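Here's a structure for you.
Labels run A, B, C and D following the written order; every chain starts at residue 1.
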């Protein structure tokens, strides 16, 4: 039984880790960390866990926690994880970090986009970027696992096969992404009030969103080329879900069959990636509550652009679910253990 | 392994049975019945099941189906189940009927409220009303199980302990219920369009809703008194969830402690009923996706009325979940097998 | 041209006064008061007013404001208006208070339910309760106008004709009300976040909501009897709208025709009250954005209770619209001037 | 007083024309056409008009109607308007067609994208494309006015100044658009049910949506270049609103100031187009219920692409509002008469 500690368990992503692990046959949560709710019952913060979780929230004492837990999930604001990692901690436990602290290999890029000084850059190199379908082998032995961002997971996996197979011009990529509101977190901020979000859609972070360099870096690895993209996130009046609509010029002669073959090559055997049938377009509802990515594309012969679409649940495949998938890989368990969540509809 | 057939698998309740049974360790679906989609892939009707369910929809051939299945769920319009039940079918299989055909013991009441002639009244007597927490013992040996309605499950369980313990005047009961839109089914009707439902709330079926006599009959059994109630359902712009707000005069001298004691007496050991702590009120969100009923109350000393509140997911505890709970009881399995669904939030 | 000042113009109700008055032919806003946004452009706080309102927000200087404005709307938290009223102010301007400070005639009731010391009880007597359809004559000469609460406007007007005509038992009244989320205000609080409200319904303030004594007091005036009611508000995942579902025992022999006659007697000539045709039930969507109250009822012969239903837009008839209606009356203008807002659908 | 006839008055766009014209000082509706609801009260189809509109729905008798009305709005399915236009009708009345029948100048393009034979191509030439801010002069004398589509209005106006001023590469344009569900009409179709749309987002009509050639044609006129674009609409779980996010490569040396100057050049004096301040991004909520287009942009120096964003209410500026704006121009009235609708928030 894997003993799990969670720091930041009372955010939406933290609580989603709890929801998933409660039905995981080989994991047990031993530490519900939450600085905001110390000594309060976890189930009083999230009523869905009433009579299911009896534990109280604990402080973020990483020294003690790292001794009790085989793995620690940090579902915390950017910059926090980097302050708690050290050799002692890492000799005791593995870290799966849901923040951005260890996702970017170039610390200057991190500091520029996040406007935070990185407190432990010495661990960036060994950290493994936990995009399971791409980095599975490296993940197995990771001590520090950088769980990808929600937009990035969806965007990268949607484009990856075409980048890897050199079917598209890497300087032509645009990702127009749409996210449910849970992506904005549980902070009590005016723009996230029901009446502000409901019945509206808007773009935000245009040309400056911090998931941009993460997408670029991974697509660079895939294609072997430098990649600079336009990435525009939008806020959608729904709780969960991300839809990424990505555009790119296809290289001369590339056909729909070529593109489909590329998706199949990389995803046919992937449990969590569903390449939809021709003509069936991803909808976030069809993956809600699950760890699936649904993906499909349309080649526009009038423009020679391919429109790629991918849908995930931002809290599952975009956060907690992928984190548990990474845990499974790191501990030698079947990758989908505890994650065969059937999407809920409606 | 219990072999399960579903008639009406492509309605919202039918598809929810599928969602639940896919993670049930002792059940296997052998027949996805759907007259509307015969020969079409079930996953093409409900995209959430892509790559999870490969089966195609089949016709409703009850003779054949009853031979292949140990139990048949009928998630069909009122009146249909009564047309397929006969001695041969019942010698082959058990029936769990999610319609109202076998819920009311007085066929004339059924025919009056539903305006349908009952096609097999001879089976009404032996049918068991499947309100698990109340009728558990009878359910064990049922051949025909009448799965309670969504509003009724929520309303009855919310009031039951007070009725049973004679704490309230049974002629003073009012149930003001609120339901998500999935309760209206998947039929393509103008009043159920997004733009008609969204951003609005309304009552419907006032003083005439067909769940009324079902609630009355069961509260009559509980209290030993004739019961006539006011029941008013409302349509809420959300997918899932029922909240029942019930009002009744308390008998002289009844205190909050008495009421709490009654709830605890009947529900303390019930896995699926959560009596919330004093001051914590049920919200449908906290039970979404799960088989739980959350219940609580407030005694108003100014009026000597108790306000009872109960919340369920209408598709789970109000339909598919309770149906599976009944199946578990009928087949001697642990009652919560396959049903330890953690509510999903947000 | 009536010169209007608004204190609290950057709350939802305050901004709604602005929206309405911008199309009012005889009113002009001279003071956008908002302590939180002093010196900021009003249109930067509410983007809908971009290029429509150029003014900046001002502080709440009541002395100066009262000299510049013929009428001051206070859309402020409970207790504030009572601190600014004095003889000098009232000699300069009229006050239309959207808070509860002057609604209840018994100051001890106010202080008990609101848990606030009333700072100017000497003005309570002269203040007029601005339920236009009921108190029209008194409103004409008011200096201090207590604009009714949103739940109360809807609840009282829904029940009023039956109370006034003695058709119902006044000790049997229950009001089960449902409100959109704008009723909770624009404060950045966790329970009002999109993800907390969306896809859920809950009751709140059960047996303790502060609109209770206000409803009771007015129904007492109407019926000539002491009235104590059960009032239960619920939060609905929509922006605007209140639906009140009210229950009462009818007196012996009262028929549907009697009830309809009562509604017609009081409302047939009321522009803002629409008694719907038999069988047509109020929906909040049909009044959205307008100053209408839609009302109807159903008599249940099985229980001898009447179910009364009323729907308003909480920000219009429940706040800003009724406030402007009161202004029109106070200044001798046609009551619906600037208020012939057609409800918006969908 | 302009006498107005409406064919298709019981669709969402038709009813929105009614809502707007009810407060128009110089127009009066004399004919509520609706084949589906002949002889039924218009207000029984749309409850918001209760006690406001007394008229009954009439059949679509264009001969008679054209004699009674100075202008006829056709809010009908594609192909219908082309069947009713003829010389006699046009000698009697003006036509403002909200369908696509007269938007495209090349009938073969129309027939290819709409898969309908055009029944009166002889009138295409004289028909005027009613994009008011661009074609104002031609509109004045139009007999047949082709009211632009909702996506097209938003997309074209968002891009127009940059196309006109040759600031962008016209072969690099991508429009990723998001629409509320009222755009799908009031037909009772399964994909438009509340539970199917709510809590989900999806693309549709990818690379094949019929608004594509309309956008291309108008941008061609603006730029003087052939234009082929990628246009991807998405369905958003909200009633109203369109947000167009458009991408294009800027020409060498083009700066943010150049772009802002272009927007100001064309829109500074336009009542209905609001160029937002730097850093303020359009949100559909801020224009809801009004005839405004809110527009802004961001230049991404990393990619040399400009991201243009425009927001409208699809039923107002995208349909009924622009139609009335066109009527005003055609009849020599102030362009914003009856259209100074303040957006409603929240």
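The working rule: a contact is a pair of C-beta atoms (placed from the backbone, for glycine too) under 8 Å apart; a residue touches a chain by one contact, two chains touch by 3 or more.
On a predicted model such as this, the values are computed, not experimentally measured, just so you know.
Undergrad: Can you check which chain pair, B-D or A-D, has more C-beta pairs in contact?
TA: Result of the comparison of B-D and A-D: A-D.
Undergrad: With residue numbers as the basis of comparison, which of the pairs C-D, A-D or A-C duplicates the interface of B-C in over half of its contact pairs?
TA: Comparing each option in C-D, A-D or A-C with B-C, the repeat is A-D.
Undergrad: When the C-alpha atoms of subunit A and subunit B are each averaged to a single point, how far apart are the two points in Å?
TA: Centre-to-centre distance between subunit A and subunit B: 36 Å.
Undergrad: Centroid from C-alpha atoms only, then distance subunit B to subunit D, rounded to Å. What do you get?
TA: Roughly 46 Å, centre to centre.
Undergrad: Please work out the Cα centroid separation of subunit A and subunit D, and write it as a whole number of Å.
TA: Roughly 38 Å separates the two chain centres.
Undergrad: Taking each residue of subunit D in turn, which ones touch at least two of the other chains?
TA: 12, 182, 195-196, 198-199, 237-240, 283, 285-286, 288, 346
Undergrad: Taking the touch rule as given, give the residues of subunit C at its contact with subunit A in the complex, in rising order.
TA: 12, 181-182, 186, 188-190, 192-199, 237-239
Undergrad: Can you list the residues on subunit B that touch subunit C in the complex?
TA: 174, 176, 178, 180, 195-196, 198-204, 206-207, 228-230, 232, 234, 236-241, 243, 245, 247, 281-286, 288, 298-300, 302-303, 305, 307, 309, 311, 346
Undergrad: Flag every residue of subunit D that touches subunit C in the complex, lowest number first.
TA: Touching subunit C: residues 12, 15, 19, 22-23, 46-52, 182, 199, 239-240, 274, 276, 280, 283, 285-290, 294, 340, 342-346 of subunit D.
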